[in-house]
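Next come two complexes built around chain A: one with chain B, the other with chain C.
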Partner chain A sequence: MSAVAAQAVSAAAPPSGPLHHRIAWHLRHDPKRELWLAWGALVVFYNIFFPVFFIVAQVQPPPQPTWDLATQVHWFHERHLGIPVGFGVIFAISGMIATNNALIAYSMRRMSVSRAFGYSYLLIYSFSAVPGMLLLNIALVVGTLRPERDPEAIGWLYDFAFLSFDGTMGVFLIGSLIWMLAILLDKNRVFPKWFGYLNLCNALTEVVVAPCWIFRRGVLAWNGQIAWWLDMVVFGIYQVTFIVMLFRMIQREDFADGPLPDRVRQKAVGQ
Partner chain B sequence: MSDVGGVDAAPRRGAPRRTDGERILLWTLPMTVIIWIGCFVLFPGFNPPMSPSLSAEQVAAFYRDPAHLPQIRYSMIVFNWFGVCLVPVLTLIVLQIRRMAHRTPIFSYAMLGCVAGGPTLFLVANVCWLLAAFRPERSPELTQLLNDFGWITFTIVVPFLIGQSVILALAIYFDDQPQPIFSKWVAHFNLLVAAALVPAAFVGVSLTGPLAWDGFLTFWVKNLAIAVWIIVMGVVLGQAIYRERAENRPHGDELASA
Partner chain C sequence: MTDLVDKSKPARFVPGQPDMWAFVLFETLVFTAYFGFYLFYRARSPELFLHSQAQLDLRIGVFNTLVLLLSSWSVARCVQSSRAGAYRAALRDVFITAAFAAVFLLLKVFEWARLVRMGNGLDSNDFFTYYFFLTGIHFVHLLIGFVVLGVVVYQLRSPARREQELQENIETCATYWHTVDFLWVLIFALLYVVR
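On to the complex of A and B.
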């Protein structure tokens, strides 16, 4: 299998010409097109996700948990169009997350570890979208639906949205630990070991966010320096890193079972 | 790389995978469709779809109506029982994607990731409607809140359905073999269904018009697209499963006589 695959990989010689011709060629002939497509979907998703949450809907950085009901109602009122339109885009494209999770599960499948790792990650992260994001979206859309709604009910939606978003921890905690363990155990050199420990950093952010369920003000509240700002910085670094890591993995992929070859060596084989 | 398609798919087809019981799972689909249509007709909130413009008192009156209460409860209890019945059928589609001439299992993984999302969101809506009917004497404001939450969740159940349609379409486009598992028109059809589901994602924009939760695009087009998808995919999935059994039968006989 590996010899055939190596041949197929090395046979890939994209034509020169306009960009859309080259993209069309890759979609038809590139042996790694399935992986590149999943990676592209991942990049597109996050390039839409962040602008929607920060600019269109303006629900991040999160508002204060200490605001009184009148301020919370005003907050919803200011976003009466941004939230339903922005989250409409999120509802339309969040199925793309599945290809993201599939690609990460595939990275574990390429490792020397049991298939259980990839499947566990896939199931946990597929499930995570509902409590970790979609419930926030739904609660905020319901909150903007009727400005005349009882402020007590709007306040409940406000808490529900931000606590379900920040306070959904276990799925990301255990999911990151599974990826970490797979990377540390792997003998196929799919990812460098330090990236395994970066997964641990991401998992730890889910631990330090837990006090957001208890404190309404201060560094540990849902908008605090630890529960939000520190976590966002770590997540940002983690995310950019894993996008690059997955890119490199696809570049090095040889569709064999053994250690993943280095990029340089693969080029030599290609020639 | 034992379970990938493409260049190393041929030896794998020599040893057919176990398919016993798949036809039973497939034939649960017509039963599911009948039960779902029955519940859909029974739930008074769907006939006609409740207007989002109703006041809190009117919504409370809907749940307090003695004629409505048993219909809401029984339809939603049965929906709660059978709402997840699409999962085995979607899993059969995952297994058919595995048979496609792909080099990696990315598409079957991604499809598997979408399978449970739709039923999970639907069950949230289901619980909201049942909760609203549990204590109809509750303050009308709270009943309206539960009703809004139920309707918005029911309407924006689409992310995973759009995801699985697009993933399935791409999987079919990439299935480069002389006799593909599904025809190319099934891929075009899935993209069309995905496009028909997109407007429902914007249900929060308006309480009236085609995007309101009782509107033409968000209620009728979305639910009709789901219904047509279930019927068409049921038929083409059935054809693929029966064709696979027919292809594998000679092998089974040889093994049995060996």
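On to the complex of A and C.
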């Protein structure tokens, strides 16, 4: 399969001509169109995800864990429109995150390592979307649905939402370590080794989110400078890097089983 | 003549995989941020930090630093032995490194237990939050270091080892080890010494 597929990829060069002709060719003939579609879907998802959480719903950066019940009720009241509208959008598109996980699992299947790496990653990240995103959304929507609800219940939803979102980072940590291990063991050069080590850096900053179960104030609380702000900076760098890495992997993909060719060499072969 | 001089110059040499140095740089930046937050909180309540620091046993800190510096020395010896093809000696140096690291970890656990018995827990005050956090995250790095040493042992024992790849992997692992050591020296200076 692999040799034939590789030949097909090298033979399938896009035609020169007007842009819409080239786009039409890619849609109809490009052997990588499913991969590009998945990559495009993950870019669209993150471009909606972050503005919704930070601007529309305004639930991130997370509020203070130390607030009293009256302030928590007021916080929900201020977002009585943003939370349902924003999270309505998130519920509609949350399935798109599957393309992100699928592409990462695909990258591990393209490596020279056991398929168990890709499958483990896929399972872990599929389950982690529940506590890491959906439970927060549901709890906060429930909190805004009936403002006349008992403040004790509102306070419970407030704690539940943010502890579920920030306190379950351990699930992502193991996923990062699996990807790191696959990259370091891989002989197909799908990703550079430094990206494997960046996975370790990301995992090590996710460790420090765990103490938010204990702290209600200070740097390790769920909105703390270390547990949230620093972790978010590192995760942001990591995320932009892995989106670029997946883009380059698709560019280099030859659908063979051996080492991925370099981009430059592939161009030269195409010419 | 010029060509001869150029050829006799040693090529530019980065120990191990250059990729590992990206990790070193990134971890250094992350720890710089941790230290920055520590110094910020320390400047806000200097009395509390001074009083809490006084409860640390400087002797344990100094001893642990020496133990970790010795482990760095033995891992450097391992690299040298491996470069010279003395794999048996290199293997011995790895085990010595692991022994030093084990002593460090045991002492660290002993120190934590002592502080907790004195009533200084993770959430006692800002200083001890930082103390347990910084020493704890370093502890995690050191535990990963045991896996790294395991990789070195595996490489040295592998009958199918290829000289160049073996040397690069050992140097990469040693770079990680020195990073963990270097971070501890900074943590020690901040938590135990700077008053």
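Here is the rule we use: the second predicted complex is superposed on the first by the 252 of 271 C-alpha atoms of A that agree within 3 Å, B and C clash if a C-alpha of one lies under 4 Å from a C-alpha of the other, contacts with A are read in each partner's own complex, and residues count from 1 in each chain.
In this text, a residue touches a chain if its C-beta (ideal position, glycine included) is under 8 Å from a C-beta of that chain, and two chains touch if they have at least 3 such contacts.
Keep in mind it's a predicted model, so treat the numbers as computed, not measured.
*Asks:* A:89 contacts which: chain B (first), chain C (second), both, neither?
*Replies:* first
*Asks:* Let me test your reading of the model: by the given contact rule, A:257 touches which partner, first (chain B), second (chain C), both or neither?
*Replies:* first
*Asks:* Does the superposition put A:103 against chain B (first), chain C (second), both, or neither?
*Replies:* After superposing on A, A:103 lies in contact with chain B but is clear of chain C.
*Asks:* Report for A:34: first if it touches chain B alone, second if chain C alone, otherwise both or neither.
*Replies:* first
*Asks:* Kindly classify A:198 by the partners it touches after superposition: chain B alone (first), chain C alone (second), both, or neither?
*Replies:* A:198 contacts chain C only, not chain B.
*Asks:* For A:144, using the defined touch cut-off, is the partner it touches chain B, chain C, both, or neither? Pick first, second, both or neither.
*Replies:* A:144 sits against chain B, while chain C stays out of touch.
*Asks:* Does chain A have more residues touched by chain B or by chain C?
*Replies:* Answer, by number of touched residues of chain A: B.
*Asks:* Determine, under the contact definition given at the top, whether A:70 touches first (chain B), second (chain C), both, or neither.
*Replies:* neither
*Asks:* Could you say whether A:55 touches chain B, chain C, both of them, or neither, answering first, second, both or neither?
*Replies:* neither
*Asks:* Which part of chain B faces chain A closely enough to touch in the complex?
*Replies:* For this pair, the touching residues of chain B are 1, 4, 7-8, 52, 102-107, 109-114, 116-117, 120-121, 124, 141-142, 144-145, 148-149, 152-153, 156, 158-164, 166-167, 170, 174, 198, 200-205, 207.
*Asks:* Per the contact definition, I'd like the list of chain A residues that touch chain C in the complex.
*Replies:* For this pair, the touching residues of chain A are 192-194, 196-198, 200-201, 204-205, 207-208, 211, 214-215, 218-220, 225-226, 230, 234.
*Asks:* Within the complex, which stretch of chain A touches chain B?
*Replies:* 1, 4-5, 8, 31-35, 37-38, 81, 83-85, 87-99, 101-103, 105-106, 109, 118, 122-123, 125-127, 129-130, 134-135, 137-139, 141-142, 144-146, 149-150, 153, 156-157, 255-257
*Asks:* Please give the residue numbers of chain C that touch chain A in the complex, ascending.
*Replies:* Touch residues, chain C against chain A: 17-20, 22-23, 26-27, 30, 33-34, 37, 41, 122-123, 126, 129-130, 133, 137, 140-141, 144.
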